[in-house]
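I've put the structures underneath this note.
Shared between the two complexes below is subunit A, which has subunit B as its partner in the first and subunit C in the second.
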Partner chain A sequence: MSPSGFRSRASDLLNRDPGLVLAVFGGIYLAYILAGLVFGFSVRGHMNSIANLTFYVAVFGMLALALNLHWGYTGLFNIGVVGFMGIGVYVTAVLAKPPAAQGGAAQVGGFGLPLGIAAIGGVLVAAAVGLVVALPALRLRADYLAIVTIAFSEIIRFTFMSDTFQSFDVPGTVDIAVGGVTLFSYDPAAEMVGFGGGGGLILNYVDPLEAILRTLFLWDPYLGLVDAVSVVIPSNPKPVVDGFVYGLVLLGVVALYYWLLSRTGESPFGRVLKAIREDEDVANSLGKDTSRFKLKSFVLGCALMGFAGILWYAGRGSITPPSFRPNITFYVWIALIIGGAGSNTGSVLGGAVFAALLYEGPRYFKNLVQAAVDIPDGPGSFGQAMAPIGASLDPVPFLVYTLNSIGQLRLVIMGLVLIWLMHNRPEGMLGHRKETAASVDLSRPDRGGPDEDVAAADGGETR
Partner chain B sequence: MGVSETYARGRRFFVEQPLALGVALVGLYMAWFLGEGLITGRILFSDIASWAWDGLMRGLIIGLAGIGLSMTYSILNFANFAHGDYITTGAFGGMAASYLLAGLGDADAGSLLLVGSGRSVYGGALGVGIVTSPLAVVAGMFIAGVATVALALLIDRFVYKPIRDESGITLLITSIGVAFALRYLIVFVFGSDVRGTTAAGQQPTASLLFVDGYVRINAHDVTLLVVSAALMLGVHLLLQRTKLGKAMRAMSDNEDLARITGIPTERVVKSTWIIGGGLTGVAGYMFVLWKGTIGFNDGWLLLLLIFAAVILGGIGSIYGAIAGGIVIGMTASLSIVWIPSEFGRAAAFAVMILILLFKPQGIFSGRSTA
Partner chain C sequence: MSETTEQADRTAAEASNADERGRYPLQVRNLKKTFGGITAVDDVSFEVEEGTLTGLIGPNGAGKSTTFNLITGMNDPDAGAVRFNGEEITRLASHEIADRGLVRTFQIARELEEMTVLENMMLAPKNQRGEKLWRSVVPGLRDDVRRQEEELLERVWEVLDFFEIDHLAEEYAGNLSGGQRKLLEMARALLTDPDMLLLDEPFAGVNPSLERRLLEHIHELREDGYTFLIVEHDMDLIMNNCERVIVMHQGKILMEGTPAEVKASEDVIEAYLGGEV
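Our next item is the complex of A and B:
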């Protein structure tokens, strides 16, 4: 095959979504594996870092997809993403945790429902709260909606943190009687439930992966797989395999989200959403009840965010309110903007690139350096780090301090990347391929592809 | 107008706006709860006065910082989410200067300039405070303003100016990027621990008798009151009496028209950042001086309340920002009469949402930058 023929075929492949997704994912994983090999990770370390990467690629992919429904399709400027995630996972925890008597003595208990039912409950509550927020807020301008949603997500966090909602006593029996005839009698197993205040909740229920696999009757084959892996990793292989398989399950959920949202976007419902994004007044004048469509879109997105929150946090040992700071909303936004608002494929890619380069990348870099070089104990503060430079031009303490502060510097880098993107490429990777509201092909046959011209007419605001 | 007509009009209003009826009922219940509490002695008059005083102090800080936000919101047409971190910058910059002046000789300059990061020095031990080290406080206030002005101009030059003509949402997203970069740069340099800054115990406190108890007012409360009143008056004079003020008002009304009439818009924008940044920096410094602790999240936590205040007062109106700030501060403080104290902030947000629903243009609606 001639080189030019190969190149055109390669670019053809990259222009189609599956090829593009495979190329980006392949590139990311190859880079991680190669870097790990070069710096001499153990097999265990390798598998752990890959599992971790997969986990974050998947959760950010899901969240970016859900946010794309709000911002990319409908033009709703929601910066309260983390609030809906928090509601999802907290409600799930309260429903699924075993009653206090069976758990620890001092711990707040739960209702002891099966995890699957609890997760459905969490998603439904996240959707319901989304409805409550949306009813007043969707009438507002985009920047006001932003302020209301972020204020809401902070209120949610204060609620989780407050002593008032730390714990409640559940009545022994619930009876509903009319005229002396008992219609309904229920004896809840829970005695004390609540959000646990600042200390958070210990998630002492069955591991989510185990729950999923047992439901699918795959638990015994899975244990067999763990045994097989113990050939490679002799000591305690289960946590490693757990992480790996959970990551794969989450990637499956990303595929589900993608399918659902693509179907939604292509449906008549989705076309109205895009029309609202382009010009709400026009959509309204064509007889569409735009506020109703916005409401539905917002609620669906909130439910998806709640579910992503559950998948992110429900497998942790515990949840605490500080995990639900607005930082996470900021992460999701960067992921969406990297990928390009308005494109589902772009959202998945944005989630993957964000997770690999900006979220996990710096931490991975630190691990690599630690694996390669023996690093001395660093200074505890910026002053101690700078002092040797001033005294004897010794940069080592400063470099060590920088490496140790990579968790904070990561956010600085993300902020700078966001600024750079807004300056140079506000449409992200795939935002130029924004799906149009029309169901017919708008491209002129005598001109090139359908993308550039249409995107230029999208009216600025959604960029 | 007859009684029946008034009644009919009232009824129509509530039928058309069921939400308004709900708000009115909640308001009635709250009034009854407060009145009954005061009569039966469940709530002390002096407690109410103390909370109101605390709310006024908070409100002055919010109002002072809100002026800058309101000005940039109306003149540059975007909600600046980095404004909270300008406040934090002012607080750290000013406190570094105060520490240096108050503690020079007692500790090494590096620890002092880093505001005692890593628990190296303590503001309380250095005697930072308006009575114990007045010079350090005045200098700190000045440096806070100057540092924030410099930062605001620098960020405007490299971040906002290249995309001046983009939509407000593009600028808003960019400002979120600025906010996070700035906040975690502050963490990188100054550390993430919340620490005490002032020798609060050494400042004189007056206990004023009020009906059934005492209201305590300390020297830092008075400093805050004097400084913010002076600055607010200064801004008022600046905007009313100078050509710059008129140019700003013209620009926030219609930028194209302002440019055609020969107003140097970029220079006005620069002046806006200078005035707004300076007030914001001083507000940040006064905030940490008044509450006695400093942390990297202070500005961010204040920002949402400032947004609430600015929206409440009407975007672009500096009197609106001041009045809105005081209302929001009072709401956050006085709400503990009715709800647990950890929801004071939530109550302030609720007030903002109500204003957005019933009067989205704010209480000082439409009067821009004056």
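Our next item is the complex of A and C:
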């Protein structure tokens, strides 16, 4: 690589404001840790809450980045995010679950493939389904793509729930023979596979973190780390460390997403995507085959959403269809809007801020209060909560009731924040900030020479 | 003087029908387009000669813009054919037509507002390696993309200088004035390396000094060998600058000829002034 290439890369790195990201992340973590200290969390509680926070910061960061490719760059109004996540994790589960015979009679089994390969399968299927959805839908105007995608994500959820797809029998052997010569023979271990219907699937395969660490030959050092932590947390430290390290792994994946999407955006490809967002006719009239670009952008985004879905849910003990309701899609949208559509850095920050303040924040607050104060049993209804205020100005039942309903209140808070943002800062946290869509610095190349004359002579040259 | 060259052209054309294609890059035959019950373009045929500035005029609703849209593939004609450089381009997608070197601008300058002038310009060149996603992403291959971008960038700055909008390079296109947008749009179209430019009302909403500059640019480019077809409202502008003028009225070609011929035509005066003269 030439020295100038190296220099421009180095300056790229500095321009991508890692400082800003560090500041926001640092602020969030500091707030969580300080709040935990003030309210007197145990070390275990502390680490758990931090791990939990990291997990959501990372998954929302990934999803916001993927959605930013669709909406921020290409202007594709995808409100079926959760559908692609669901496909990713369900396909992974079916491929990775051990065959039913070993798993017990009540549960459907899987193909028993290694988790890594199953995850690749999940991502590929999410991408392929994205292609199928996009092929007809991208010919339609933007709003119709929105309708198609949200309908699609609901269709996916109902498919997972339906009895029809609950289980299938897998044929004994698959033979591919030409003229009596067997070219390929495969006997799937699976007898019966499926989506498990409304009961969902039990994810009785190896823990994803263990799979990742074993692949990287880090499993033994990791067990050593767990032992070391047992000095601080004497009883059963492994789940705590698991959560913590898995969170770190996810942050690494966010960095990978960021890297991939920055390169996608800061390139001639990303430039065409931006042009499509601004005015597709113009891009067309300049000779760009916009349908192809839209298709590629859509499929890539869907694959990334599928992978984020896998990382989110594959480590849970089970998955059920209700986890994949459209509210997840709207969470991702809020994260993107907070950060500012069109900016990758903004997407990461939006994901972090959304996860820390709106998604985990209220729950964390409740935990903090519970750790600090002994909360009496609350009233069962709003009426019962209000009555003491009217009768004796006693606010305690009302406060307890509010605290207990914090899960529902979360949605109210999100709505309020969204309205406020739309009124006051529709362009998001980072303001009107767009990352330049080019792989090189676009300022005037510094080659010297009489610019003006050369330009006049060359500018209109026919080639 | 223009009549004699016209005469000479005619004889030349008749003499060698064989190189008709080269001399008339754009050939439009019997184009027809109806929208519901309205016939917007009705049996329109014309040719544009290479290296000329040809004007397409007519009152509002004469079908000029629709003709443009039919030629550039934004709309499909109901009947008729368009040939460009000897190749049939009727019903091709607009990006395929642009790819063949027939590039248009829009009546209302359509800038990519939230992209800078530089991004607008860098978008235009054809065959950019980095438009393939994998080349832009995969390490190693990206160096190649960057090299090409650096080459393109020099050319972009040259064209910005030529159009004297280099001082606006870092500005968002949405912040440009109407006239500056027209300049940018033409500069951008030029970067696609077209053979022929279709300009849809390039002077609408442009102040007089900028209009003069735009005209100078167009004349310079024409001398360099570009072919222009310009839709315009303003009769004087067309009459003073074009070699040939096509007049449309109510979806049909009313007449075709030199500016002097058109000026002298009773039909044209009637079409413009509504038959009261």
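Convention: the second predicted complex is superposed on the first by the 403 of 463 C-alpha atoms of A that agree within 3 Å, B and C clash if a C-alpha of one lies under 4 Å from a C-alpha of the other, contacts with A are read in each partner's own complex, and residues count from 1 in each chain.
One rule holds in what follows: a contact is a pair of C-beta atoms (placed from the backbone, for glycine too) under 8 Å apart; a residue touches a chain by one contact, two chains touch by 3 or more.
It should be emphasised that the depicted structure is a prediction, and the values quoted were computed from it without experimental measurement.
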*When the two structures are overlaid on chain A, which partner does A:342 contact: first (subunit B), second (subunit C), both, or neither?*
second
*asked:* Under the stated touch criterion, which partner chain does A:282 make contact with: subunit B (first), subunit C (second), both, or neither?
replied: second
*Answer with first, second, both or neither: which of subunit B and subunit C does A:162 touch in the superposed model?*
first
*So, does A:271 touch the first partner subunit B, the second partner subunit C, both, or neither?*
second
*Have a look at where A:144 lands relative to subunit B and subunit C in the superposition and call it first, second, both or neither.*
first
*State whether A:416 touches subunit B only (first), subunit C only (second), both chains, or neither.*
first
*Kindly classify A:366 by the partners it touches after superposition: subunit B alone (first), subunit C alone (second), both, or neither?*
neither
*Could you say whether A:263 touches subunit B, subunit C, both of them, or neither, answering first, second, both or neither?*
second
*On subunit A, the residue positions that both subunit B and subunit C contact, one per complex*: 460-461, 463
*Which residues, counting only subunit A, touch subunit C once they are in their complex?*
1, 5, 260, 263-264, 267-272, 274-275, 277-279, 281-290, 293, 296, 300, 342, 434, 436-440, 442-445, 447, 451-452, 454-456, 458-463
*Over in the complex, which subunit C residues touch subunit A? Could you list them?*
72, 74, 93-96, 98-99, 103-104, 106, 110-116, 118-119, 122-124, 126, 128-133, 136-137, 142-143, 145-146, 149-150, 153-154, 157-159, 161-163, 166, 169-170, 188-190, 192-193, 195, 217, 220-221, 224-226
*asked:* Quick check on the complex: what are the subunit A residues that touch subunit B?
replied: 77, 79, 136-137, 139-144, 146-148, 150-152, 154-155, 158-159, 161-164, 327, 330, 333, 337, 380-384, 386-387, 405, 408-412, 414-419, 422-423, 426, 460-461, 463
*subunit B residues touching subunit A - in the complex, by the definition given at the top*: 78-79, 110-111, 113-114, 117-118, 120, 159, 162-163, 166-170, 172-174, 176-185, 187-192, 304, 307-308, 311, 340, 342-343, 345-346, 349, 352-353, 356-357, 360
